[in-house]
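Dropping the structures in below, format is structure tokens.
Shared chain: subunit A. Partners: subunit B in the first complex, subunit C in the second.
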Partner chain A sequence: MNKTSIIGVFDEENALMAAVDQVKKEGIEINEIYTPYPMHEVLEAMGKKTRFTFAAFLYGFAGASGVLAFLYYTSVIDWPINYGGKPTNAFPSFIVVTIVLTILTVTLASLFTFSARAAIYPGKSFILPDKRSTDDKFVIVFDKSLLKGGAEKLNALLLEKGAVEVYEKELHPQN
Partner chain B sequence: MDTRITFSKRFQYAAIALIILGGAALAYGFITQPDRAWANLLLNNYYFLSLAIGASFFLALQHISQSGWSSMFKRVPEAMMAFVPYAGVIMLLLYFGMHSIYHWSHEEALASDAIIQHKAPYLNIPFFFIRMILFFMAWIVMTRLLRKASLNEDKTGGMINFERSELLSKIHIFLLAITFSFATFDWIMSIDVHWFSTIFSLRNFVAAFYHGTAVIALIVILLHQKGYFPALNKSHLLDFSRYIFMLSIVWGYFTFSQFMLIWYANIPEETSYFAERWHSGFKVIFYVNFFINWFLPFTLMLSQVTNKNIHVVKALAIVLLAGQYIDLYEQIFPTILHAPVFGLIEIGTFAGFTGLFVFVFGKALASADLIPKNHPYLQESLHHHLH
Partner chain C sequence: MYKTDVRGPLILGDKNYRQISDDVIAPINQPIPGWWKVAFFIALLMAIFGVLALYQTVAVGLGTWGVNNSVGWGWEIINFVWWIGIGHAGTAFSIFLLILRQKWRTSINRAAEAMTVVAVMCAAIFPAIHMGRVWLAFFIFPYPNTRGSLWVNFNSPLFWDFIAISAYLLISASFWYFGMVPDFATIRDKATSKIKKAVYGFFAFGWTGSSREWLRYEALSYVLGGIAAVLVVSVHSIVSTDFAVSVIPGWHTTVFPPYFVVGAIFSGFAMVMTLMIIIRKMYKFQEYVTDSHLNAIAKILVFVSLIMGTAYATEVFIGWYSGSEYEMFTFFKNRVTGDYAFQFWAMVICNAFIPQLFWFKKVRQNLTIAFIISIFINIGMWYERFNILITSLSKDYLPSSWTTYSPTWVEIGIYIGTLGLFTMGVLLFFKYIPMIAISEVKSVLKVTSVNTNDQKHMSHE
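Showing the complex of A and B:
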């Protein structure tokens, strides 16, 4: 069964944020917000927090220590070879490899963490209420069945805050 | 909004007292140990010049990126730039100390050394000073023009001066890339005349930008604690911290790559530079340099708990003041004096130059409104908010 949604379309982020603030003040629950680019204000307004940066730090720390330990094990403990009279623990020359592999570790681990946390995978069906949010419009979505007051009041509010368009639509997952 | 700062008489007298102290320390040095005194003069003059040049680059960067957040602080780097002409005059004094600092300036060295002969068309005393004058002329003209555009903006407003500042900044950055590179080659790298490193100028330029930015942050924080810049908030601090964080990484990257390649290749004529710096007490300085200028800022500025904390940023900026000194000490002192020395001459000279810098800076800062009046991004800066 598909639910009917009320969709507000905005031209600019300030108008969107003004509407979001007003809607929250009225106690109306926002279903989802789609923006052309990431907006931290939206994350805050939706009451979401992220510990993603801390996770990235941990990956970096683990990656750097792991790579250094690996280099030390291979070139000092397991298979020491004399390269042009260098000490086997040629620490400065380990650094470059460590930096590069740490970046790789953080990038891949962050990608997988994000995908797992947001439940995104290749071929997943998605809901895109208004295509224009992938271009230059800010789109806010409400669940009509959850509205306590009438839809008219919400429509008026959105238009008053600068929505260029407000309409109702049944949302279907797409592939 | 009248935000003119007063440079109090008491402060001026303190600065002048420091200058006299520095003059006395230098005079004592010239009588007892002329080589050491010249090394100190070069180090301290280059130190404060690098802060002024770093500040001018910071300002130019804000202009060309049309940054909003920093526009209310732009008078601070502008006032720091006022030190450039003074540094120029002091740098010209090196004429009398060439033989103490630069081995290549000796006639007998030139006569017997093939490498110095090979470099002689570039490294000779007349051309050295012609270049020095050209560099300082370029910097003085550009910093004056940047300052003038900013002051005109206060008077007339409008977009003309804003656009002019942007154009001047582009020219300034282009000129700096060439002039400051050759300046560091001339003044610092040629002390070790047999040694060269192509990343040297870039590394020293980043060091200047890095520590110039740290000093801007420090001055802004100090003024804020005195009641100026009431609009300074956590978001501004975060931006300053990000600059310091980013620059500590770039500094570490360049410094380490200069060291690592030479260490790894291990070719005698290159390695001799670091061999000299690993003898006697200098090895400690080598590690302390990395610790202060890279490790400490990198770890402290990672977390938003510490990099939005005004006390942490302030303390770090003060430590970085020492960081630039240690960095230059490691570059200048080993070749000239062969053993680490630190005493009254060093402390006195540094105090004297600090006095001069503070005096020039204070005068320049007090000569205009602390917060620019008609900058188009002023409101954005006053209400800067990051998420």
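Showing the complex of A and C:
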């Protein structure tokens, strides 16, 4: 767990991206990048994809069919009530409840998925290499043990691309 | 790449990222200002009065209200619809502007969503107490029960309403909260006091801003944005079916769902304007909530005001065109003229005429006038609901059941209580939560600000 990491700190997103491109060209593996706001260039560079939207679609599908099935069961099978001779399976008026509860299902299930997949939950112990990265710095982290060419070359590269600081640190989870 | 040349810079002053964090967090770290304490104290007194009125309602019963057999829905439903309408803007604002990629939303969406959550909480009080025996309110949940299992009536708009409001409250609150998680992490990492670090650290849920987190965060916000857009339209449509599905003259009309949704967005945006002018003035956020932001809200208001005017005219026209003598009576003898003409014309003047002043650039730029107009709109929207409810109920088909209605102190007290609750909620938001979405504003800084020390512009959407 407590492996030494090399941490590069940048002031500007352009400098960070230049460094990321160069590092990738040299075949050095990036452990993680921390930014104060979402940057699509970083997400692309890290080669990360998410199947979140597909999961949301599945939740919606499950929610819609579940709610319709529930309405059908309660109104037609379990306790059919005669409202002035209208059909017990009042499909058009079931749609309203179905839409709203489907949206609710998708929202809640997506939130739990987010919480699980991004590992964001109350009381989590987290690793934050440089706490300025939630403020104004762009931080790139490398695993020192995975470096083949030695740390000096990487340090030089990061500084050349405009890193304001490069340092080594053992990362510990904090609360 | 998209650049907002038309709208001008979104953030004034040559800000850098750290200044944005510091500026937005400043009210949290500074001591509580005097005006805040005074306002909170007054709001607390109002809320206490509201609790007294609620106590009276529960202890004695609905007989303490002015409602009667003919006018079965009084101030409670007026205020319920009014608050829900105000509660529409936050989600409408964030979500429609998110989907339309309007970057100017970033300085305002946090406050708009906060307002939504508090307003919907205020709204939810009314239907609950209107059930009469509020301690049995859980009967409305469709759960397997010992009454046979006798299920609720899934075809009833009142049940739809319950589902819609609970879902809306849950969804808007979670959308708001997850938007704040990265900002709580910023406060946690900049905090100097241990307590602040622990408290905001807890609410930050271990956020670090890694690419793994941002990836899912972005995906989540688009999924929620996409589906909640449907919700924004559906909630107030469902509220309108409470009226439109009945056969009361003046209610039984197909124009109601869009008319209600537009009205809700109208009053909500007016409240956003009221709130943003206060925030900007009291916390000196002029560089984030710029004149062009308020100008944009004013333009939306003038547009929506035209739709409102059209809706009012349509209702009156259809009242005549339907050929129904009851509709004719309701609109021409009981709204345009008659006992409730004042409320009708107050509605028309406040909502359809006064906002037309926003056509003039001078009015849009004069924030005192803009503030007054935004208040007028909310008064007008209150009269709109009064007009719909009371005029139709007080004089329906049978002259023998015609009656008048006036609220008792209990009903007025509950309304004052919700106004106090709303003010308290908003004040607590001012003090303890970053009023502007820090990470979102940072993401639009380079694209649209006057900050020019960057050669290459990047877009983040």
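By definition in this document, the second predicted complex is superposed on the first by the 155 of 175 C-alpha atoms of A that agree within 3 Å, B and C clash if a C-alpha of one lies under 4 Å from a C-alpha of the other, contacts with A are read in each partner's own complex, and residues count from 1 in each chain.
Just so it is clear, contacts are C-beta pairs under 8 Å (C-beta built on N, C-alpha and C of every residue); 3 or more make two chains touch, one makes a residue touch a chain.
Note that the structure is predicted; figures quoted are calculated from it, not measured.
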Would you mind checking which one, subunit B or subunit C, touches more residues on subunit A? C
For A:L111, decide between first (touching subunit B), second (touching subunit C), both and neither. second
Just to be sure I read the superposition right, which of the two partners does A:S93 touch: subunit B = first, subunit C = second, or both, or neither? both
Applying the document's definition of touch, where does A:I120 land relative to subunit B and subunit C: first, second, both, or neither? second
According to the stated criteria, A:G162 is in contact with first (subunit B), second (subunit C), both, or neither; which is it? neither
Of the partners subunit B and subunit C, which touch A:H40 in the superposed model: first, second, both, neither? both
Between subunit B (first) and subunit C (second), which, if any, makes contact with A:G84: first, second, both or neither? first
Who does A:K48 touch here: subunit B (first), subunit C (second), both, or neither? second
With both complexes superposed on chain A, which partner does A:G66 reach: first (subunit B), second (subunit C), both or neither? neither
I'd like to check the shared interface: which positions of subunit A are touched by both subunit B and subunit C across the two complexes? 40-41, 43, 90, 93, 96
Residue positions on subunit A within touch of subunit B in the complex are 40-41, 43-44, 57, 84-86, 90, 92-93, 95-96
Where on subunit B is subunit A touching in the complex? 256, 259-260, 263-264, 266, 302, 387
Interface residues, subunit C side, partner subunit A - complex: 16-18, 21, 142, 148-151, 153-155, 159-160, 163-164, 167, 170-171, 174-175, 178, 181-182, 185-186, 188-190, 201-203, 205-220, 222-224, 227-228, 230-231, 234-235, 238, 241, 439-440, 442-443, 446, 454-456, 458, 460
Subunit A - residues contacting subunit C, complex: 12-14, 32-43, 46, 48, 50, 52-53, 56, 60, 70-71, 74-75, 78-79, 81, 83, 90, 93-94, 96-97, 99-101, 103-104, 106-108, 110-111, 114-115, 117-128, 131-136, 175
